[in-house]
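Labels A, B, C and D are assigned to the chains in the order they are written; within every chain, residues are numbered from 1.
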Amino acid sequence: MSTLQEKAIPVGQKATRLVVRRRLTPTVIVYLALVALLVVGSVLVGLRGEVLLDQGGILNILTRATALGLVAIGQTMVILTGSLDLSVAYLVGLTSLIAAETMAGRDGMVVPGVLLALAVAAGVGLVNGLVITVLKANAFIATLGVALILRGYLEDNYTGPAGDVPRGFQHLGYDRIGPVPVAALLMLAAAALAWWYLSRTRPGYHMYAVGGDIEVARLSGVPTRRVIVTAHVLCSVAAGLTGIYLASRLGSGAPYVGTDAGYDLESIAAVVLGGTLLAGGRGGVVGTIGGVLILATLDTIFDDLEVDPFFKDVVRGVVLVTAVALYARRMIANRAPGRLA
Amino acid sequence: MTWRPRLAEGTAPVLVVLLLLLIGLAVAGPAYDEPSGYLALLKRAAPLMILAIGQYFVIVSGGFDLSVGALVTAGVVIAARLINGSESATARVILLVLAFGLLVGLVNGLITTKLLVPSFIVTLGMLLVLDGAIFLWTGGAPRGALSAGFRTFGRGAVDVPALGEVPWSVLILLGILLAAALFMRGGTGRALVAVGDNEAAVRLSGGQVDRLRLLAFVLSGLLAAVAAILLGGFAGVSAQVGDGLEFRAITAVVLGGVLLGGGRGSVVAAAAGALSLEALFTLLNLLGVSGALESAVQGVIIIAAVAYASLGNGVRQRLRWWPQQRDSARPAQPAAS
Amino acid sequence: MTKRWALVVAAGVLALAGCSSDLPDDQASAGGSPSSDATKSKFFDQTEYDRQLKFRSATPQGPDGKPWEQMLEPEMVDTAKFAKPGGKYTLCFSNAAVNNPWRQVGFKTMQQEVKLHPEITTFTVLDAEAKDDKQISDIQSLSGKNCSAIIISPNTTATLTPAVEQACQTGVPVIVFDRGVNTSCPVTFIHPIGGFAFGADGAEFLKEKVKPGGKVLALRILPGVDVLEQRWAAANEIFTGSELKVVGVEFTDGDAAKTKSIVADYIQREGRIDGVWMDAGATAVAAAEAFQDAGVDVPAIVGEDQQDFLRLWVDENLTAVAPTYPTYQWRTPIIAALKILKGEQVPKEWVLPQPRITDDKVKDYVKQDMPPLHYAMCGCEGMPGYPVPWK
Amino acid sequence: MTPRTTTSVRLTGISKSFLGVPVLRGVDLELRGGEVHAVMGENGAGKSTLLKVLAGVHRPDGGTIEVDGAEMSFASPTDAQRAGIAIIHQEFTLLPHRTVAENVYLGREPVRRMQVDRRRMVADTRELLDWLGEDGIDPTDTVSSLSVAQRQVVEIVKALSTDARVLGMDEPTAALADHEVELLYDLVRRLRERGIAILYVSHRMREVFDLSDRITVLKDGQFVTCAPTGELTSEDLVRHMVGRDLGEYYPDRAAPDDLGPVRLSLRGAGNQRLRELNLEVRAGEIVGLAGLQGSGRSAVARAVFGVEPFTRGVLEVDGVARRVTRPRTAVRLGIALVTEDRKGDGLALRQSVRDNTLLVRRAALRGGRSRARSDVPALLDLVTVVARGEHQEVRFLSGGNQQKVVLAKWLAVEPRVLVVDEPTRGIDVGAKRAVHELLRDLARRGVAVLMISSELPELIGMSDRILVMHDGALAGELPASASEGAVMALATGHGIGEAA
C-alpha cells in the first residue's frame, strides 16, 4: 500500500506513545500507588514508634484482603463482561450459613457443606445471569432484585448466626505460613486461576468481547448469553467461596456477614480502583487484587494510626474517585481523535 | 396533526400497578375508605417521591445518584446540630440545608462532567465521604435538636379550602411534581432526556451537555435536601434516616418505567413508581406479610417490572412498527424490465 | 474443584508440618460451640428469665451511687496470676462499632474513664466497623501487641468466640462486656442484668397501667438479635399471662419514619391503642408523635433513657417507663482491667444493676443541654470534663 | 492457510417475514466462485435481510440454500461459517481495545490444551495479511491504533479467516475515503482472482459498475432482475430499483443573479489539521467540498462548527469576524452542521420525531415554545418525512427519513450557513433525491450551503462550484459540472498548478 508511506511518521509516533501507554496501564498505576502507600504508611506508623510491615501488619493486610479479594475476583468478571452484581453481599451470608449448617460440627460433612454452598451460589449466579439475559433486565436492577429476595429469605429464616463448623475446617481461616495466611494464598490462587481464565482461555476472551461491545461479540459468533451467565455463575461462586471462608473463620454461618462488610459496593469499588472499566471490556484481576490490597493497607494503616472510623470512609471515598478520575484522564489522553463529539 | 393527551413510553404499566395497589388497599384496609387514608399515604410517600423525582433527572440523563441516602442523613444531622432547638435559626438552617444539597449535587455533577468519572463511582464516593464526614463533624451521633418550626413541613398540615387539612409535605410534593412535569415538557427537560439518549447529538445541536447533566445532579441534590427536611420533620432526628434510600429511589424510578442508562421515561411515572412502592409496603403491612418477606416481594416486583418493560415493550413496538413501515412504503409497482 | 481441594489438603499438611496456626486449642472453649438448634430455638429460657427477674430486686454489692462499680451476686475469681504491679498499663480494646448513639455515648464514657486512671499510659482501640471478620483480625492484631489487658465488646456472640479464645491463650487477661461469647475463658464478663429484665420492666408497667382488655402494640427493631429477642420473649411471657390484648408485633428497623407510619396505621385500623411496648427506645419519640399527629392522647408507653424521650415524657406528662440498658457499663471494663492487673478479685460474671426510670425519677434524668440521642444512664455526670465530650 | 477450491451458492425462493410482514418474497440468487455479484435495491428492498439469511443471522421462512449443490440449513452465523460463508457487516465489528489477531479470531479462537493458542492465532493472522499483501498491519497491534482503511482490511481478514469461500459485503465503502476505496477495489479483485465468491451490496452506482460481474436487483423484497453488469446501464438500474424513471438526478443549479451576499468566509484560517484556508460561500449557492478522506474536508466542517476550532486566521459570518470555539456558538450564529454519522452525532434515537426536530431550538436557543407546536408539522412536511406521527421514536424510521429529521432539526432554527457532510450516505435513491431537492431549495431561500461528499457524481451534480482539498489545504476551485477526472487530479495533488 503506497499510501501507508506517507503515514510512516505518525505511525512511528504512535508506536512510542504506545510504549509509554503500555508502561503506565492502570494496573501499573495501582501497584505503584500501593508501593507508595506502603512507604508513606510505614513512615507515618514509624513516627509513632511502630512498624507497619511487621509480621502482624502483613498478616493484617492479607487477612483483610482475603474475603474482599475473593468477592472482588468474581465481581471483576461480571464487570469486565459489562454487567454488575449487587447480590454478592447477601450471597456471602447465605453461603456461610449453608456451609456451616450442613457441616453442623461434623468433620465428615465438610466436603458436602462446601459443595452444597458452592452449588447454591452457582444457582443464584445462574438466576442472576438468566434474569439479565432472558428477561433482559438491567444488571443493576436484576441483581438488586435478587439481593432483595435473598435478604427476604435470610430475614425470614435466620435470627442470627447459625450452624457450626468443625474445628478441622477452622484451620482454613486461621492457619498461616509465616505472616501469610493460608486463606490469603488460596485467594491469590483463585486470582491466578481467574487471571488465567480471563487472559488465556476462550471463555475469558469472550468476556472481554462481550464487555467491549456485545453486538460485535454476537455478530462474531460469541455466545453472548452464555458468556454473561457464566460470568455471573463464576462471580457467585467466588462469593460462595467467600462465604465458606468466613464460615471457617467465624466458626458458624452469619446471615449479615456480607452486608455488614458492604461487600457489594466495596467489591465494585475495589474492582474499579484496580483499573477495570465500569462499563466493561477492559481491565483484569491483577489490578483488582491491587485495588483490594490498597483498601486493606489503608485500613491497616488507619488502625495503626488509630484514625476515627468515620474518617476512613471519607478517605475511601476520595481515593476511589481520585483513582478513577486519573484513569479517565489517561483514557482521554490516549484516545485517538476520531468521533466528532 | 391534532394534539391529544399522551402517556410517555413506559408510563402505563406503573399506573396500572398503582391502581391495583390502591384498590388492594381499599379492600384490605378500612382506613382507605375515605380520602384521608390516601392523603396519609401520600404524606408518607412524599419524601420518597421527591427523591425519586430527583433521581429521575439523573437517571434519564444517563447517570446514577447513589449519594442521596447519605445526603438525606447529612441534611437531617446538619439541621439538628445547627438549629439546636432554636426556633429563630430555623429559616436560616433550612436554606443552608438546601444549599448543602445543591452543593453536593454540584460537586457530583462537576466531577462527573469535568473529570469524566462514571457517576456511579462519583456518587458512591460521595456516599462514603458524606457518611464519614457528617459523623466526623458531630462526633459519631447526631447532636442538637430540630425546632418545631423545622418539623412543621414534615409533620404539620395546613387548611386548604375545599380540601380541609392537607399535610404540608403533600403540598410541597405536589408543587415539586407539577414543577418537574412542566420542566420536563419544556425545552430544557426534553434536552435533558436527549442527553441521556445521545450526548453527541445534543452537543452538536448546540446544547450544553455538561451543564444539563450538572443541572440533573444539582436538582437531585436539592431535592434530596428537601426530602431530608420532610423526613427530619416527619420523624425527628435519627442517624439512619437515609439508610438505603438511594436504592429505594432508584427502584422507584425503574418501577416507573424509566430506562436505566437514560433517554426514556417520564417524571410523573417515576413519582408514581415511588408511590407504588410505598403503597406496596403499606399493603403488605396491612395484609400482615412479615417484614422479612417484604424485601423478597419487593425484589420479585422490580425484576418483573423491568422484565416486562424490556420484553413486553420490544414485542409491542415491533407489532406497532412493522405495519407502519409498510404503510409508508410506496405502492408496489410491477417491475419494468 | 479437585485442584482447590488439593490445595486445602496441602495447606493442611503444611500446617501439620509445623506451620503456625492462630486457631486456639480446643480445650479452651469450655463453653462449647453453639449448636445450630440452640441459636434457632425460642429465645425464652425459664431459668435465665427467673434469674434475671430475681436480680432486679437483689441488693447489689459495691459503692453506693456508683452502679458501674456495683455487682449482683458476684462469684469472685482470683486474678493474682495476672497481677502486674507498677502501672504503665497498655489497655487494648476491640470495639464492635461506634455506629449508633448508644455505642457512641458508651465509648465516650469509656474514654473518659481511662483518663481518670493515670496508671493507664496507652489505650489502644481498634474499631471493627460492625464487621465480624474485621473484629477477628483486630483481636488477632491486639494479641500481637503488648497489651496489659484486652477488652472486647463482641459484634456477635457465636462468631467471635474463636477469636476471643485465641486472645485468652496469649495469657493476657481478657475482659468481655455487653454481648457475651460462648466461652468461659475471659477473666470476667461484664453486663447489666439482661434482656429478660428489660423486656419485663416494660411489660409489667403496661400490665399495671393499661386496663384489662386494652390493646397493646409491640414494636421491635429487628428479629434475630439475641438481646432484643430476649426482651420480647420476656414481654411476651408477661403479656400472655395478662388480660392485655397484643394487637400487633411489628419490626421497625429502628427507622423513625417507618415506626411512625406503622403506629399511624394501627391507630387507624384499631381505632385505639392503649399501650405501646418497645424493645428499644430509639424510636419511642416517633411512636409517641404518631399519636399526637393523629390527634389522640399518647397511651402508656415504654421507651428508653434517651434524652429526646425523657424530655417528651416530662413535657407532655406521659404515662411512661424507661427500662435501661445502661451505658455506664462501658466504665466497668476499665475498672475491672485495673483490678485484675492489681491482682484484686473480680466476679467471673460481673452483673451490673439495670435500673429503670419511672415517673417519679424522670426529672432527675432530663438534661436539657445534652443531645437528643444522649443516654441518660451514662453514669458520666460526675466525671471531670462533663458534659463537653458527650455533646 | 488459504481458502480452498471455489464454491457456488444458490438461493432459491427465499422468503422471510418479521411478525407477519414479508420482507423477502421468493428471492432467487446464484453466486459463483470467482465472481463479484452485486445486489442493488432501495432501502427496505431486502438486501440486508438477504445477506443476513445467507450469513445464518436470520432463518428463512421458506426457500432453500444450496452450497455446492448440497442443501443447507443455517441455525446461526457459526453454521454459515462452517459452510464457508462469511459476512462483512455495514458497521465495524471490531473491538477497539483488543489486538488484530484477537479480533480476527473472535468467537473462533484456536484452543490448545485448554488455552487459546495465541501463537497460532498471530501466525495465521499474519499469513492472511501477507496473502492479501497487507504487511503494514501487525497482528498484535491494538485495533484502536489502526486507520479506518486498515480496520476494513482487518474486517476482511476476519471474514477470510473462517476459511470463507463466499464473502458477503454490506456497503463496504461506506466508511472509506476515495483512495481507500481504490485499495478496496484492488483487494476485492484479488479475492475474486483467488476464487472467492463475493456478494456485494451497495448503493453506489459507480462502485457496482466498476467492480461487479453480475447485478441482481431487488425491490420490495422481490427479485426484479439479474444480468451481467455489461448489459445494464445506470438508467436501467435506477428504473429497476425504483420501478420508475427518475430522469435527471439533480435539481437545477443556481442562476448567477440568485446569489446573495457572502455568508461564510474564511481567510487564512487553519488549525492542527488545516492550513491557510481561504473560501467564501454566498447566500443561495451550494459549494461542493471535495477531497480524499483525510484531506481535511470534514475537518473544515468541524472547524467551522467549532468542534475542532480554527486556531489561526479569520472566520466571518455575514461579514463579521467571529470566534467559533464550540458548536453552541456556531448554532447561535446561524451555522448548521449535518454530520456524516447521523445515528451517532445527529439524532437522539429514542426520542420522538418532534423532540428531535426541536432539539436544536431547545438545546441552543431560548424560548419559542408557543411557536413550536404549529411549526413542527410544517417542518416535517417541508422535508417530506414519512412517519406514523410526530411522536414516533426516530429509531423506527428508515435511514432516509432519519436524515430528513436531521435536516428538519436544523431548518427549525433557520440557519444561514448549512454545512452538510455526506448528506446521502446509506439512504435510498428516492430519499436521496428528496434530500438533494431540499438542499437546493434551501439555497434558493438564501442559505449558504457547503456540501461535502465522497460521491463525486453527487458532488458535481449538486454544486455550483467545487473546492477541492488536498492534505489539509485547498488545492483548487473548479466550476460547476467539472469532470470527475479534474476533481480527482486536484484531490490527489496532481493538478494544483493548472487549476489555481
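Note that a contact is a pair of C-beta atoms (placed from the backbone, for glycine too) under 8 Å apart; a residue touches a chain by one contact, two chains touch by 3 or more.
Here the structure is a predicted model, which is why all the values come from computation and not from measurement.
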Touching both subunit A and subunit C (chains): B
Between A-B and B-C, the pair joined by more C-beta contacts: A-B
Chain centre separation in whole Å, for subunit C relative to subunit B (CA means): 38
Whole-Å gap separating subunit C and subunit D, where each centre is the average of the chain's CA atoms: 73
Averaged-CA centre spacing for the pair subunit B and subunit A, given as whole angstrom: 31
Subunit B-subunit D separation of Cα centroids, rounded to whole Å: 42
Multi-partner residues of subunit A (at least 2 other chains): 155, 312, 339-341
Per-residue overlap in subunit D, given as positions that touch at least 2 other chains: 307, 339, 344-345
Multi-partner residues of subunit C (each touching 2 or more other chains): 98, 222-223
Full enumeration of touching chain pairs: A-B, A-C, A-D, B-C, B-D
Contact set on subunit A toward subunit C in their complex: 55-56, 59-60, 63-64, 67, 100-101, 104-105, 111, 115, 118, 155, 158-164, 167, 170-178, 182, 185-186, 189-190, 246, 249-252, 254-255, 257, 260-261, 299, 303, 306, 309, 312
Subunit C residues touching subunit A - in the complex, by the definition given at the top: 1, 4-5, 7-8, 11-12, 14-15, 19-23, 26, 33-36, 39-40, 43, 97-98, 124-127, 129-134, 136-138, 140-141, 144-145, 155-162, 166, 222-226, 229
Residue ranges of subunit A in contact with subunit B within the complex: 131, 135-138, 140-142, 144-153, 155-156, 265, 268-269, 272, 278-279, 308, 310-318, 320-321, 324-325, 328-329, 331-332, 339-341
Touching residues on subunit B, where the partner in the complex is subunit A: 64, 66, 111, 115-118, 120-122, 124-129, 131-133, 135-136, 140, 199-200, 203-204, 247, 250-251, 254, 260-261, 290-300, 302-303, 306-307, 310-311, 314
Contact footprint of subunit A on subunit D as seen in their complex: 57, 76-78, 81, 89, 92-98, 102, 106-109, 111, 114-116, 133-134, 136, 142, 144-145, 147, 158, 179-180, 183, 302, 307-308, 339, 341, 344-345
